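Worksheet: the structure to be examined is printed underneath.
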Amino acid sequence: MSAPTVDHRGPEFAGLARRVLEALKPVFGTAGPVVVYPSSGTGAWEAALVNTLSPGDRVLCFETGHFATLWRDMAESLGLEVEFVPGDWRHGASPEAAAQRLDADISHDIKAVCVVHNETSTGVTSRVPEIRAALDAAGHPALLLVDTVSSLGSIEYRHDDWGVDVTVTGSQKGLMLPPGLGFNAVSDKALTAARTSRLPKSYWEWGPILDANEAGFFPSTPATNLLYGLDEALLMLAEEGLEQVWARHARHAAATRAAVRGWGLEVLCADEREHSGSLTAVLLADGQDADAVRKIVLERFDMSLGTGLGRLAGKVFRIGHLGHFNDLTLAGTLAGVQMGLELAGIPVGRDGIAAALDHLRVD
Amino acid sequence: MSAPTVDHRGPEFAGLARRVLEALKPVFGTAGPVVVYPSSGTGAWEAALVNTLSPGDRVLCFETGHFATLWRDMAESLGLEVEFVPGDWRHGASPEAAAQRLDADISHDIKAVCVVHNETSTGVTSRVPEIRAALDAAGHPALLLVDTVSSLGSIEYRHDDWGVDVTVTGSQKGLMLPPGLGFNAVSDKALTAARTSRLPKSYWEWGPILDANEAGFFPSTPATNLLYGLDEALLMLAEEGLEQVWARHARHAAATRAAVRGWGLEVLCADEREHSGSLTAVLLADGQDADAVRKIVLERFDMSLGTGLGRLAGKVFRIGHLGHFNDLTLAGTLAGVQMGLELAGIPVGRDGIAAALDHLRVD
Amino acid sequence: MSAPTVDHRGPEFAGLARRVLEALKPVFGTAGPVVVYPSSGTGAWEAALVNTLSPGDRVLCFETGHFATLWRDMAESLGLEVEFVPGDWRHGASPEAAAQRLDADISHDIKAVCVVHNETSTGVTSRVPEIRAALDAAGHPALLLVDTVSSLGSIEYRHDDWGVDVTVTGSQKGLMLPPGLGFNAVSDKALTAARTSRLPKSYWEWGPILDANEAGFFPSTPATNLLYGLDEALLMLAEEGLEQVWARHARHAAATRAAVRGWGLEVLCADEREHSGSLTAVLLADGQDADAVRKIVLERFDMSLGTGLGRLAGKVFRIGHLGHFNDLTLAGTLAGVQMGLELAGIPVGRDGIAAALDHLRVD
Amino acid sequence: MSAPTVDHRGPEFAGLARRVLEALKPVFGTAGPVVVYPSSGTGAWEAALVNTLSPGDRVLCFETGHFATLWRDMAESLGLEVEFVPGDWRHGASPEAAAQRLDADISHDIKAVCVVHNETSTGVTSRVPEIRAALDAAGHPALLLVDTVSSLGSIEYRHDDWGVDVTVTGSQKGLMLPPGLGFNAVSDKALTAARTSRLPKSYWEWGPILDANEAGFFPSTPATNLLYGLDEALLMLAEEGLEQVWARHARHAAATRAAVRGWGLEVLCADEREHSGSLTAVLLADGQDADAVRKIVLERFDMSLGTGLGRLAGKVFRIGHLGHFNDLTLAGTLAGVQMGLELAGIPVGRDGIAAALDHLRVD
């Protein structure tokens, strides 16, 4: 085509594609391939399942929050049998529960363990290495599939070192792009599983994509503009340095928790080892209406706080601190929350933002 | 989230989504719903199949070119049985062959007829209304699924009037956006079929999307930026008027064919009723190398012509004339082709562009 | 020219130009013409002088700060005689001093009074209506020329009601554009003076510009892209409403002063009637280094505070709060200043930002 | 200021400013300084005059077209005495006439010679080196001031080698930016003249600007965004190479003249040594209406041709081929002109564009 859009079959685009596919690897912490789809992160969930599993396969999931529940639902829709470890939405996936289920599965019916690394609905980060350790301790061959939609590029994550088989993510959080790209980082073991997987697939099938990627192409039209944006975003991440990016998010998360405690409120995440670096969910007391706070903050300060999803509706609001975010943006965000809480009739005083600034100034 | 990307759960986005979903309908020529995916057009092919069909179902496809062949391959990958009407890649889907196959299918084993409206690899536009007539004449209940990736918004198309059940398209051609959105316009009959379809599905499933769309939302993260762009593109189409857009493309296509004939070359499309409004494939003589022409045009004039795909490799090049395109862009494009042909040692004289300008000036 | 830049002699541009020239008037508070130059605000200073005055003419200026001093220097360079009322850089132009000088000028040698409405170097806003009253009380025919570079579109200003003859401004502050446009709003009296003015002029001459503007054109190439931007900026101002814009700035200025006082520091502006709505200069104590604070804030928080200009070097830093600015941006800005002061060894405690938030929340 | 616009007093901007001011020099062909103004090219005309001349000084100008006449008018407005060598608007400044006037000026009353290098109204390029030779042959000390608004960065030009004292240009032609920047390249002799020049000046005064530029700053607010754009434009020019840019324009100009002759029409420029590389003016026969052609081309093909200015009104139209322009854009442009001429009832046949393509293909 001589049309003005980027020619995704031409040499210029192929150079970009190869560069991007290579530069993605260190962000996932892998030496293996990363598959890129024009899709949401939800599409990349589906890709992880249909490439590795067969109808009726058993998968182990953890009820860590709203998104873990949605992934469970998807697995069932696709014809898989899900063993769902119940949870209270304040903790990550339990390594102890994982160990128990895997030890009990002597016949190795469980083909995959699905973990949401950072639950966007709760601000809880699961301890993936400990889940891996549970698999290893049990000598269990199940694949480890991990959703990193709201952690990759924000919170420490290591696909290879942690022995993950498929890492799922999207473009719109830590990669600082608009939504529209889904990703699968894929281990050798996952590629082997793909050879015998029998769930029907075509669009999501890794094989033809990886083959075409060799030459810098894609079997179906790629989302060219987002790939150009990704090229720049990966450069920015590399310039700041991944460890620095993780540290920045951890620091902002700590300052945010200092503010929440300064307000006399509770952080939803109940385990000090599992605080999220990319967002903080704030749990209000009985009788307090989180959505009323959100409404006031939106109307008065034009800032959109995350709503409580699923069973947390009305009880929590969520403060995001990921992507392009510096100390003063965080200070402005926390100022908006503090004023909004007061305006909603929740007396929080002046200590919240003061504590956050003490943290940011000193740390 | 308080992050700077568009909040796709907020009221502002919901207003946009509802407006876009409504404004899409006239472009497809339908009063029914249009489903939008973050995906390529290929994803929308898969959506059309998995929502309506069940494992082992028989579908009737036509070998009209490269993309029809890819769609056939997809159907097979998903576990469908494909009856593939052979073709010479110079004609559209044959209404006569369709009639014959449908008449012969007394037991109604064929569950869907798949037609690529405008074959991007050949510049041939199938006569969809005549396929519909064949179905009707046979009294056959099969669904009619039509790919309009390179025709919608460029070439006359009428989902409802032509009795199409699922119309598939993408964002990157007639809708003048970057790639990244896939679409399904869906008839009542298709919705009914979806209720009993048994191909596994989750990401592509129409039901939850249509339910969420009622309130202006999506079950998984939408490609927000492309939806904002779509809002503007639909406004532009509406301002120019769909009939005017179709006429403009037809006029540019006629001028392009005048140039091809002025050069003493052959238009690949062999049926006057089936010339594409959005692109023209030019067939070279034996011993002439289309890729050599393309290479010269790219290097000397920085213009990327479409390559010959599949069995047409090296034999044709393709001139696109869709999207943002005016008379002078076309004239420049044809001038580049004319000079490139001469430089490649294919003597074409001066009559090609002259004939095209005569057409553009008078018509 | 068929080049792709905007054709500034074509009908499309003429429509834009007429619309912009009309929409500028209410922003200045005038029914008369506004002249637009491709220039900085400094160029518009020169335009005001060379269009109205003759070599050797006497003008009355006030030493309100750095920019008033620069304007004085310009007048002298152009061959005018300047009577410069001394000042302490903490007050606006003194109506009392003006009255005294004008009363004393029985022979009406003073041809123009020049006032900087909002001194960007000090954050002091002169009381222009009281200067007008002094002229009227003295029955003095001098022109009143007012610089509104950092006030127009931010702080209450009324060219006609206040009897101003030439209002000077630029594009880069309240009009929220990049720098590159200079403006003169011109009274009938100023136009009359222009007829006999003898300072040499060509580029700045109002007459040919006003003549060409009638048809939507300019005698020399206009800064087309900035005029397109101006069209949008004027629409934004009109949508919010000028009174609302003024109120927003006044509210942010008051919150900023609350913070400064909460830190135990001094606002440079010494008269409650003269606080600037668009910026606040903070005066440090002897021995404290304002530039050290600025350096820390830039390095640690990537925020650029205004430096102390001229005689204020090292003693003040300036906090801007104009243009696109909302409550949370201000809160972030003040948080950065508070942390920067502490880090620079100026102990300011927690009361500054707390006081600002109290103000923003309640007001 | 903490405002979001670029801080033009900060270290980042200073780095940009120094880089741009250095990179401008080779484009002018000078080792000396280049002064940049927020202004149109017309402003830079005024700067050249007021910095070097005194009231009543005599300057020698040439009536080469509309813009030369406007510059003459400006000189008179500023109080200079102009000797205006008459011309027919089809030739450049006459070296013979220059020699004659300079030889006759035994008392050296002429203080400056003003030449428009490329007359945008006629498409004629004056032979500046021959004017220089005339000055040298006469042993005349007058300054040589040259307008390169529509030639710099498009047509061969060498400030130092050609002994020019002030080169005037703007941002909107060969520098491929929006209008809004004016430039003066300045010789040592011009700087010396500036010390004794007595025309009043402040905004345009070179001295304070050159002083501030040393440190990367400007005495009044610079047009920051255009300077960022200039940084990129200068990189693009350097990448293509100035000689290559000149050759590209010359080649497009030759192809355009081939088209004009193929149409049986006349190029306005009457001297083969003086054809412009950046635009071509086409002279119609008596009874033919150039503005009717322009109107048709604008309405039918959305292309804006240059109008006949001043005494050429209605008799010529102008085809621009400068800045971002490739072979196919030129072909499209010429196709639009050819069709427009036919539609206007001026029968031009098919040989025009054919001749242009022959030229572009072979050369």
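Note that the chains take the letters A, B, C and D in the order they are written out, and that residue 1 is the start of every chain.
Quick note on the criterion: a contact is a pair of C-beta atoms (placed from the backbone, for glycine too) under 8 Å apart; a residue touches a chain by one contact, two chains touch by 3 or more.
Keep in mind that this is a model prediction, so the values were computed, not measured.
Engineer: Which chains, if any, touch subunit A and subunit C both?
Structural biologist: Chains in contact with subunit A as well as subunit C: not a single one.
Engineer: Return the chain whose centre of C-alpha atoms lies at maximal distance from the corresponding centre of subunit D.
Structural biologist: A
Engineer: Can you check how far apart subunit B and subunit D are, centre to centre, with Cα atoms defining each centre and the answer in Å?
Structural biologist: Computed value for the inter-centroid distance: 48 Å.
Engineer: Quick one: subunit C and subunit D, Cα centre-to-centre, how many Å?
Structural biologist: Taking the mean C-alpha position of each chain, the two centres sit 35 Å apart.
Engineer: Quick one: report the Å distance separating subunit B from subunit C, using the average Cα coordinate of each chain.
Structural biologist: 57
Engineer: Send over the residues of subunit B in touch with two or more other chains.
Structural biologist: Only 303, 333 qualify.
Engineer: With chains as vertices and touches as edges, which is it: line, ring, star, complete or other?
Structural biologist: Drawn as a graph, the chains make one closed cycle, so a ring.
Engineer: All pairs of touching chains, please: list them by chain label.
Structural biologist: Pairs flagged as touching, ordered by label: A-B, A-C, B-D, C-D.
Engineer: List the residues on subunit C that touch subunit A in their complex, please.
Structural biologist: Residues 300-303, 326-333, 335-336, 338-339, 342-343, 350, 353-354, 357, 360-361 of subunit C touch subunit A in their complex.
Engineer: State the interface residues of subunit A toward subunit B in the complex, per the touch definition above.
Structural biologist: So the residues of subunit A in touch with subunit B come to 1-5, 7-10, 37-43, 45-46, 50, 55, 73-74, 77-79, 170, 172-173, 178-180, 182, 199-203, 205, 219-226, 279, 298, 303-307, 318-320, 322-325, 333, 336.
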